Each structure stands twice: as C-alpha cells, then as structure tokens.
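Shared between the two complexes below is chain A, which pairs with chain B and chain C, respectively.
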Partner chain A sequence: MILGAAEVGYVEMMAETVTAGDPTYTGPLAGVSLGLPVYHVTEPEVRENADASVYQDQIGVSEIAMETEPIWTTVRTIRERTPGTP
Partner chain B sequence: MSDPLASLPTIRGISCVLAHTPGLLRYGSKPTRELAKDPALIGNVQRHLRSFEDAVAYPENQVYIGNHAPEWLWDVPEPHWRHGDEGARAQGPAGVIVGEDAFWGLLRASDEFGLIDIERERLERSRALLAKTGLFSDGELERVVRPATASSSSEGAMSLHAADGTVVGRIANGYPGDSTQTADILLENFACKASGALALKHLLKQLDMAPGDVEYVLGCGEEAVGDRYQRGGGSISKAMAEMAGCAQATGSDVKAFCCAPVHALVMAGALVQSGIYRNVIVVGGGSLAKLGMKMAGHLAKDMPLLEDCLAAVAILVGPADGSGVRMRLDAVGRHTVGSGGSAGAIYEALVSQPLEKLGLKIADVDRYAVELHNPEITVPAGSGNVPRTNYRIIAALGVSRGEMKREDVDRFERAHGMPGFVPTQGHIPAALPYLAHALPRLRDGSMRRALFIAKGSLFLGKMTNMADGMSVLVDREG
Partner chain C sequence: MDLHGKKVIAIGERDGVQATAIAAVARSAGAEVLLELNQCFV
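Showing the complex of A and B:
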C-alpha cells in the first residue's frame, strides 16, 4: 500500500488502518487486520522505482510542502512491526 | 484610449450568516445513514449537541460573522469549543447567528406550497425572534405563521425534530412518486433557500440597499432543485430573491461543487463590467446534507458535534464605487481540462499563472484565502488541517519557482494565510467568507491584495476524474 497524504497524523491513521485495523473504529476496517506493507510515496524505496520526470511532475511540489522525516519514521515503524514485510 | 482597469468591478459587501440548527443535524447525510443502521445512536447524538449560547460563543463562529479577525484564533487556547468568547454576540458587522427557534419560522416562510407544517406556538416564537433581528418587514413576518396546506398524513411525510428530540412538525413529499421531491430532499432545498434568503436580507440591510435595486442573483449552493424530468435542473436563486423581496431581480444557479462560489463571483463581475447589470448578488445557501458530516470522529472523541450550523453567504458585486477595491478580472486563475491533476499543477494554474499576468510574485499577495474549513472540525475526524495543507503547497510552489526558500514553507501560513474558521459546509468555506475581513482592510489601505482560491471535487459526481479550481485577486487601486 502506497500512501500519499501530507500530514503525519493522517498518514499514521491510514497506515494503521491497512495493517492492524482502523484505529478510530469508525470504518469498515475496524477490527480487521490486513497486515499490508505500507510505504509513503516520498520514501526513497518508492521514489527510486519511479520515473524521475513523472515523479517531479506529480509529486515534486507536494514533497516540498511535506514534513517528510516524521512521515517516513512513522511509516517505517508501522511497516517494521507488520509481519511479512520485506 | 480608455484605461481598461477603470471598468473593473468592485465588491461592495458580503454577509455571512449562520443558522444554528442542532435539531436538523439528524437530517444530514452522514447522521441519516448512521441512524438508519443504529436508531439507538440518536441518544448519543443528542447528548453531544450544543446550546445556542455555546454556538454563538464559539470563537470560529464569532470570526465568521466578523466580530474578530481570523488571526485572533491563533491566540485562543485549544480546544476552542471549551473557550467560548466571553464578549460574544449573535450579531456582527458581517452577519448574524439565528437559532433553531427562529429558523423554523424561516423554513415555514420559505415554503410556497404548504408542505412544511410546524406547531403554531413554535412559529409564533419564531416570528418574535425574527422580528428582533430587524431584517424583516411585517408582511414577511406574517408569512412565518401561515398554516401549511398539505395534508399532514401525506404519503412519505417526514417528522421534524427539535434538538431535544421533540417533534415540532412535518414536511410532506412534493409530487407523488417523484424520487427527486421526497421530503428529505425538499428539506435540504428549503434549508438552502431559507438560509440563503437570510444572507440576502442581511446584506441588503448592511448596505442600506433597496431590494428593488438588485437586478440579478447568482446562486452557488449545492442543492439539486428540480423534478423527475430534470433532477438538479432547476434554480434556487430566484426563489431566494423572491423571499428577500428583490422584485426586480431574476437569477440562475452556478454548479461546480465547492468551486461554484468563485465561478459565480467571476461571472457576477463580468455581468457588471459588461454593463448588462449594475447590481449582481452571489448567494450561497447552507448545506443541510453536511450537518454532522464528521460526526463519527467527534463522538469517538466525546466532543460536541460542531457541524450544527447552516452557513450562508451573500456578496454584492457592482461597478467601481470610489473605494479603490477592484476584482482583477484581467487575471482570473482557472484550472483547465489540460492543467493536470497534481497539487503542483493545480496551484500553478490558480496562483502562479494569474500572478504572472500581473507581474506579481507569491509573496506580493498579503493574504491567501483558501479552503477555510475549521480544523477543529476536520482534524479530530482524521481529515487533517485543510487550510494549512493548502498554505504549505502554495509556499512549496514558491520554493520550486525559486521565489522563496524552503524554510519559508513553515512560516507561510502565519505570514500570508490564516486559520480556518468556516463550518464544513462545502462551498461556503471556499475562500469567500474572508471577504468580510479583507474588504475593510483593502478600503482603509492596511491591505493591498488578497487572492481567493477555491477548488471543487468534480470527480465525486462520477462524470470525470478531474478536480476543478478557480481563483480571483481582489486588490486596492494605486
């Protein structure tokens, strides 16, 4: 699952939702653990696999606007505790 | 050759009104769907409704009607709903807040077909409360207490509840068997009409303008008025004009989701600049469907249901009036079919391109009004701080264009933006309520330029994957 949201809190909620289950217990994934590996679109693992010009065109300005360090840390933490993640 | 800038229209005023309608919250789209699944949820909903006094004192609502500048919210301790403004008033320089007890009467007065039946005692109380606002004539107040004519046992009639759950009346279906005129849809349309007409009335009073001087009304609300053969093909603007006593006006509706108000403002400006009309009003009525939209997040956090107000705006556009305030129709920003859908591409079209036409840089604009959703409503529901995200993108655009430094991204919201202060009513937060604060500052010279930016989620309608966007600069001459 590749996320693109710009706010760390929102990224964390979505990452939790598709791994352990909806933390707010308000949606259909409440109590459903999908255990999907989660990445943020700005992480090097994703970026290196994208065409550089397409990445710049689609994500370039948004990436400048994001506080990427806390987003990466949050997503990595959730990914590392998800079994089966490469 | 005459100066083309001399013909630019001006914005003569704006009214921003709120109707605090906690009883109607249950008819919002999200509450309706949740209550259908779990009727017992209504108890929890009712326990989290606010009183009229709390809604008036709510800092964001005081900003909306013009009693404080948006920047004042940065100094209010969080959560704002726990820190009501001690000096709060239901009237402000730019608007008014009416309670549900008054709004029942406006709903009744908006109904020409006798479909809404409300207890006589409630309507008498509404009439008294509406009389106190000073906005309505005796004849208009008399319409508040007209009895309904439709049979209260009409097929499909829906009960109307006050905030405490008491049944106060009913609304009947429109044409029998017409799925576009069921009672719930008509209630949305009447709520839009009544709140929009309230904004129109307030604007006329604020500007001391005769209703007969209004020539055209452009509706920019989100309700689909029509019947089974043209669902959404009707218009609510002329109905609002009629309710506000604008006998010389006609009108039509502009639809573009949340982007419609800025489309409508530009069209109003064009109608004035072309000389077709002198006085054009853009009006957006409130959205009943969006009451309680983020309810699940608010209940989970045991906070009041802050989406309990219908918000409406009315804006008068006219020819240059000597104030020096101009709508820069020579540099309108628009997101075209070919613009591209990334955040950078959208803001390139809405910010960089219009500013370039005027030889301006991003930092030359004093304040950017974006989607001004109140973050105290959206953040607890997991939807983020919408204006902040917009400000960071505009600043990032400046960085990518070499106009600004990366560290400016964090500072941009305070330097050129504002906190969100508008209820999550879709089209209403779309930038224009900031006119209530910008117009006085543009007139007194403490502000030079403000850019108003709206975006619309066209893709929600399933006809395209595109978004939409429109922007217009309002500046001070010289």
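Showing the complex of A and C:
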C-alpha cells in the first residue's frame, strides 16, 4: 500500500486502517487487522526503487509542499509495529 | 524494500500526491498496480 496524502493525520489514519484496523471504529475495517505493508510515496524506500525521472516528474513538485519528515516518522512507526512487514 | 514484482495499491489524495502519480512511480520500480484511487479529506 502506497499513500500520497499530504497531512500527517490523514496518513496516520489510512496507515492504521490498513494495518491494525480502522482506529475510528466507524468503517467496515473496524477491528479488522489487514497487516498490509504501508509506505508513503515520498519515503526513501519508494524513491530509491523508482525511476528518477519518473519520480521527479510525478512527485517532485508535490513533495516540496509537504512536511515529509513527520509523515515518514508516522508511517515507519506504524509499519514497525505491524508483524511481518518488511 | 524492493518493489519489483510486488503488487501495489495506490491511495492518493486530492491535495497531496494523486494516485495516478503514485502508480506511475510504482510501475517505474517494476511493481504491478492493482488499484489506484484518490481520497479527499475535507
């Protein structure tokens, strides 16, 4: 699962939903732990795998407007507490 | 993490990076994109 949201709160909610389950307990994934590996598109793990020119064309401008560090920290924290996530 | 050969779900956001862009990046890394959709938080 690769996310593109720009706000830390949105990223956290989506990442939590596809790993441990819907944290708001309002949707169909409440209590459903999918345990999917989740990344944000700006994370080095994604960028290093991608074609550099495609990445720059598609993500470069959007990335400038984002506070990426807190997003990365949030996604990594959620990933690390999900067993079996690479 | 090696994306080559992996199956990817791309969840974009209207005000962030959109799913088509995420999918293009994932494909350039050799991944297969199964689903791409955009969320809108307001």
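Following the convention adopted for this analysis, the second predicted complex is superposed on the first by the 86 of 86 C-alpha atoms of A that agree within 3 Å, B and C clash if a C-alpha of one lies under 4 Å from a C-alpha of the other, contacts with A are read in each partner's own complex, and residues count from 1 in each chain.
In the analysis below, a residue touches a chain if its C-beta (ideal position, glycine included) is under 8 Å from a C-beta of that chain, and two chains touch if they have at least 3 such contacts.
In this text, all values refer to a predicted model and were calculated from it rather than measured experimentally.
In the overlay, answer first, second, both or neither for which of chain B and chain C A:I64 touches.
First partner only, chain B.
Looking at the overlay, what does A:A30 touch: chain B (first), chain C (second), both, or neither?
neither
Scan A:Y10 for contacts with chain B and chain C and give back first, second, both or neither.
both
More chain A residues touched by chain B or by chain C?
Counting contacted residues of chain A, the larger count belongs to C.
Residues on chain A in contact with chain B in one complex and with chain C in the other?
5-7, 10, 57-59, 62-63, 66
Show me the residue ranges of chain C that touch chain A in the complex, using the header's touch definition.
Touching chain A from chain C are residues 1-4, 8-13, 15-19, 21-22, 24-26, 28-30, 39, 41.
Looking at the complex, which residues from chain A come into contact with chain B?
Interface residues on chain A, with respect to chain B: 5-7, 9-10, 13, 24-26, 57-66.
How about chain A: which of its residues touch chain C in the complex?
1-7, 10, 14, 36-37, 39, 41-42, 45-46, 49-51, 54-55, 57-59, 62-63, 66, 86
Enumerate the contact residues on chain B facing chain A in the complex.
296-297, 300, 340, 342-345, 347, 379, 382-385, 389, 392-393, 395-397, 399-400, 406, 409
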